[in-house]
Amino acid sequence: MHSFASLTVSDLWIERAERDLCKGLSFSVQSGDVVRILGENGAGKSSLLKVIVGILSPLQGQIVYSGEDVTVDRRFLQQDVIYLGHSSGIKPQLTVIENLRWYCPDASPSALHEVLESLELIDHIDVPVKKLSAGQARRVALSRLWLGKKTLWLLDEPFASLDVRGVELLEACIRQHASVGGLVLLTTHQDLPSLSTRDVALLS
Amino acid sequence: MTYFSFVRAEFLVLWRRKQDVLNALLFFVIVVVLFPIGIDSSSEFLTPAASGIIWCATVLAVLMAVDSLFKEDYRDGSLEQLVVCGLSLPLLILLKVIAQWLAVILPLLVIMPLLGEMLYLSSASLWALMVTLLVGSPSLFFMGVIGAALTVSIKQGAILVMLLILPFYLPVIIFSTLAVKAAQAGLPYSGFLAMLLAMSLLSLVLSPFMTAIAVKASVN
Amino acid sequence: MRWVWFHKLASPKWFYSWSNFWALPVFCFGCLCLAIGLVWGLAFAPEDYQQGNSFRIIYIHVPVAMLAQSCYLALGVASFVFLVWQMKMAPIFIKAMAPIGAVMALIALVSGAIWGKPTWGTWWVWDARLTSVLVLFFLYMGIIALQSALDDLVLANKAAAVISVVGLINLPIIKYSVVLLETLHQGPTFTLTKKPEMPPEMWLPLLCAVIGLYSFVAGLVLWRMQSEILMREHRSSWVKQEVMENGL
Amino acid sequence: MAFDSLSAFLMMGKHGVYVWSAYGFSALALIWLVWNTLSTRQKTRNILRKRFVRSQTR
Amino acid sequence: MTYFSFVRAEFLVLWRRKQDVLNALLFFVIVVVLFPIGIDSSSEFLTPAASGIIWCATVLAVLMAVDSLFKEDYRDGSLEQLVVCGLSLPLLILLKVIAQWLAVILPLLVIMPLLGEMLYLSSASLWALMVTLLVGSPSLFFMGVIGAALTVSIKQGAILVMLLILPFYLPVIIFSTLAVKAAQAGLPYSGFLAMLLAMSLLSLVLSPFMTAIAVKASVN
Amino acid sequence: MHSFASLTVSDLWIERAERDLCKGLSFSVQSGDVVRILGENGAGKSSLLKVIVGILSPLQGQIVYSGEDVTVDRRFLQQDVIYLGHSSGIKPQLTVIENLRWYCPDASPSALHEVLESLELIDHIDVPVKKLSAGQARRVALSRLWLGKKTLWLLDEPFASLDVRGVELLEACIRQHASVGGLVLLTTHQDLPSLSTRDVALLS
């Protein structure tokens, strides 16, 4: 169970390569929401997530997380977030299990095994990630979601290169997270009608 | 992620790449060997030049090691993760640098007596050389990471790092070789050591913050 | 308020119009002073009894060597200001200053090397002053290389500032360390505490040239900053007005 | 005037080559600096002007 | 893709990175400067050591340049594309190496007189040095790319390349410094030049094929 | 119009990280076919494409292209193929147009512009690819398909990170290619029912 959380973005402008993105976007989401950010290629979805998590700075606008203004100092938000970008943040030299231990040092071995089992990675547990297929590597990155205890999830195309079974698993996981009070913001180009409770559209 | 799991992962990566550590060592040895072969192998040339040669080779080896410190993390996206994980970035950087320092400098100190022998270095000056290495090399690392963090998003950045950072290394090299020369002449050299130590400490305090600024600006 | 001017300086628009007014007069004054100093030094100052006429290189060498150092000082201070107070004008200043400083260091090196040939009998020696100017030149080139390698503006700003601040801390150390190597080069002419040892008809033109070059560089920096401001503020309406309405 | 004639001024004793090459190089470098400054100034304006004109016609 | 469009793209990338070429040059100068400052700045030391110092710095600069030759292409997948594009891989490699050689060595030759002056080298030996560089450096490149291709899939490969390749560079360094020493002593040195030329030609003929094999093995 | 082409794979075994993949796969496709390779994450789809194009060598088996045995020497096939792997083979420092000129030196400027126009890249024509969004970079890599005159296309998850419009465009392009006698082998996890004329399933 997560305590109640909310994210409010108001009047956000992002500058990227001398182009303005988002152009005054405002939205507000809270515990239990699964929000899909929609937009064409190059609309600024990834940039928006990066701004929220604090990798980019906005040109203008305000970001409030659970009542605290984090526009300038994103630390309060960062303590409670899992961000997965286009690149997965997995170290290719380390094995699957070592990568998980790196991100989730508190998880018990049995929890780790359980997650890897359900993600069908259990056979590859001691294989360096660089020797996995694209979808398998993606699964390793995603397994943090099952293990971490953070409220806000920012996922940039999490379904990319997953097979049908993988998509199902991830969908279930996201829905489960929302049902216990989590907050999920994700981008995707795939058509997953039952997934999101709300959409935010970016015009380009 | 916690500080502890971060350090464990760092050491694991280093351990996975123990071959690389060995390679860095061999590279160092080969650079050192280049000089007797390429220039002159008489002891009249080598004895006075030895400490300089070893320091030059160390500097190059450190730069190579430091340059790749953030590159991979940047590429696989784990540098992003460090920035957004909510832990103190300067502290993570400090830990990372210390791990790297241990992996590069300790083996180097171990084979130093061998190289000293090869370059006809007396045992007094060998000791001085090793002490200068121990005391001075942290500053090489701490200064180097600033450059490495600044150029992490540039593909062919190794040369740029060297260009940026080598000028800052000159004082370290100068003080160290002066110290060894003093030792060779039987003079006291603790003044030079104090300078080296001061530089190491100063850079230890300042560099993580500078590097954190650079890392934050680099991931976007 | 005493700090009003400082806050105004931080505003690109205000700075632009301010520098629009000052750049040309400052630059022209600099050119004039420099010309007077150089002609005076080249044609009218008495010959040095030791070095003969080769000493006349001093009138370009010393001003330029002083500028090479002052530019770096300014660069470092601006970087510090940027890193601590995030002042918007600072990176613009850094971008404008670095190439000027590099050229100054280069001229100092070349004129010094040429002067070295008749006086020391060699173009180059590994002496403290010379080496530290060479290092200074490398530092400038490093900043320029970094700025041009990074095409992301935010990153380039931060990067240049970080490396020049580190340079600022390190410069005294570098200077001190190379002093421990042996030296050939002479000590300072102008100090605050003592009168110069040269006769006034030798150092007056030098002073003139030094002041002229400072002013010349100030004018150039203002111009360079103006271009940079226009480029960076291109989305604001005053830039549009400025560019579309004013000719040059 | 420290020199008797123009040729003496140009010769500078036996150091003419040195003095004039030092000054020549310095002059070239300074002129390059000025030229570079003014031409970037002009170039920025031209780029911006073109950009504004383009955005107006659209 | 045609040979022509390949070469054009290569030169375009080099041109995009013209700053890198300048940086390589500055790096080279700084490494050379390291020695007088770090070891000894007297002409008694520098004059005999100059050619060795310059060759060592060249070797390092070449290794740095060569190491990154295939790295990026590997990462963005364009190396794969070269393998499967149906053109002759050895020929493509040859063209790539030649482009790189031009970008690295020509600027180096231009500033050589300056460095010669700073290291108190006489003009006769300066000429000899430049000729050995011109004749000998192709072999450095052609041998280097083999190592670079072998290690392309290894992340932190720079050091491994150096390790693999430096032993092969030793003869080149030795012949070159011998040639310059002969020139310094006023003796004829065309024999050494002939050796260098022979090594360059031999490696030019063999290396593209070896490298092609290595590249093919590395992309998978 | 392409001349008639066919690809026959028989009894293919691939070894990857000490595991056997494909395990005796045989199939045969010919001009006009759009073949989808199906399989879970890690089933060996990418490996199969790499073997066909000659990046990997098979453990055992035969590959015949248009009547010629290319198992040992893949050059005959390579002259007639466009292969797009997980990584796109685009140089990030070069601009969009420079990348295209590199791959398709024979294409006329007007053809280039037309393709970039239809792919909505025309505004970014002089932007280095590293400054594009994930989907835009993918589009640059894909634009070779419109311009190149090769018969056999091997596409590894070509729809990844494309938006809806991009998927439509690419689908149309693939269908058009097949209709003029081209031969397309692709992998995808998305459900595009009308695209393929035939499926090859890999079991893992």
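Letters A, B, C, D, E and F mark the chains as written, and numbering starts fresh at 1 in each.
The rule is short, and it goes like this: a residue touches a chain if its C-beta (ideal position, glycine included) is under 8 Å from a C-beta of that chain, and two chains touch if they have at least 3 such contacts.
Source: prediction; values computed, not measured.
Q: Keeping to the contact definition above, tell me which chains border both subunit A and subunit F.
A: none
Q: Return the chain whose centre of C-alpha atoms lies at maximal distance from the corresponding centre of subunit C.
A: Centre of mass proxy via C-alpha means gives F as farthest from subunit C.
Q: Taking each chain's centre as the mean of its CA atoms, how far is subunit A from subunit B in angstrom?
A: Computed from C-alpha means, the inter-chain centre distance equals 37 Å.
Q: Between subunit B and subunit E, what's the gap in Å when you average each chain's C-alpha atoms?
A: Whole-Å distance between the two chain centres: 25.
Q: Quick one: report the Å distance separating subunit D from subunit F, using the average Cα coordinate of each chain.
A: Result: the chain centres lie 56 Å from each other.
Q: Find the geometric centre of each of subunit A and subunit C from their Cα atoms only, then give the gap between the two centres in Å, rounded to an integer.
A: 49
Q: For subunit E, jot down the residues that touch at least 2 other chains.
A: Touching at least two other chains: 17, 20, 23, 26, 30, 37, 72, 75, 155.
Q: If you look at subunit F, which of its residues touch at least two other chains?
A: 86, 92-93, 128, 131 - these are the residues of subunit F that touch more than one other chain.
Q: Residue numbers in subunit C touching 2 or more other chains?
A: Within subunit C, the residues that touch at least two other chains are 138, 141, 145, 149, 154, 178, 181, 234.
Q: What residues of subunit E sit close enough to touch subunit C in their complex?
A: 19-20, 22-23, 26, 30, 33, 36-37, 41, 117-118, 120
Q: In the complex formed with subunit C, which residues of subunit B make contact?
A: 143, 146-147, 150-151, 153-154, 157, 160, 163-164, 166-168, 170-171, 174-175, 178, 199, 202, 206, 210, 213-214, 216-218, 220
Q: Considering the complex alone, what residue numbers of subunit B touch subunit E?
A: 17, 20, 23-24, 26-27, 30-31, 34-35, 37-40, 45, 48-49, 52-53, 55-56, 59-60, 64, 68, 72, 75, 155-156, 158-160, 162-163, 166-167, 170, 173-174, 177
Q: Which subunit C residues qualify as touching subunit D in the complex?
A: Residue positions touching the partner: 38, 42-47, 52-54, 56-57, 60-61, 64, 99-100, 103, 106-107, 110-111, 114-115, 117-118, 216, 220, 223-224, 226-227, 230-231, 234, 239-240, 243-244, 248.
Q: For a test of understanding, state which residues of subunit D touch subunit C in their complex under the given definition.
A: 1-3, 9, 12-16, 18-19, 21-23, 25-26, 29-30, 32-34, 36-38, 40-45, 47-49, 51-52
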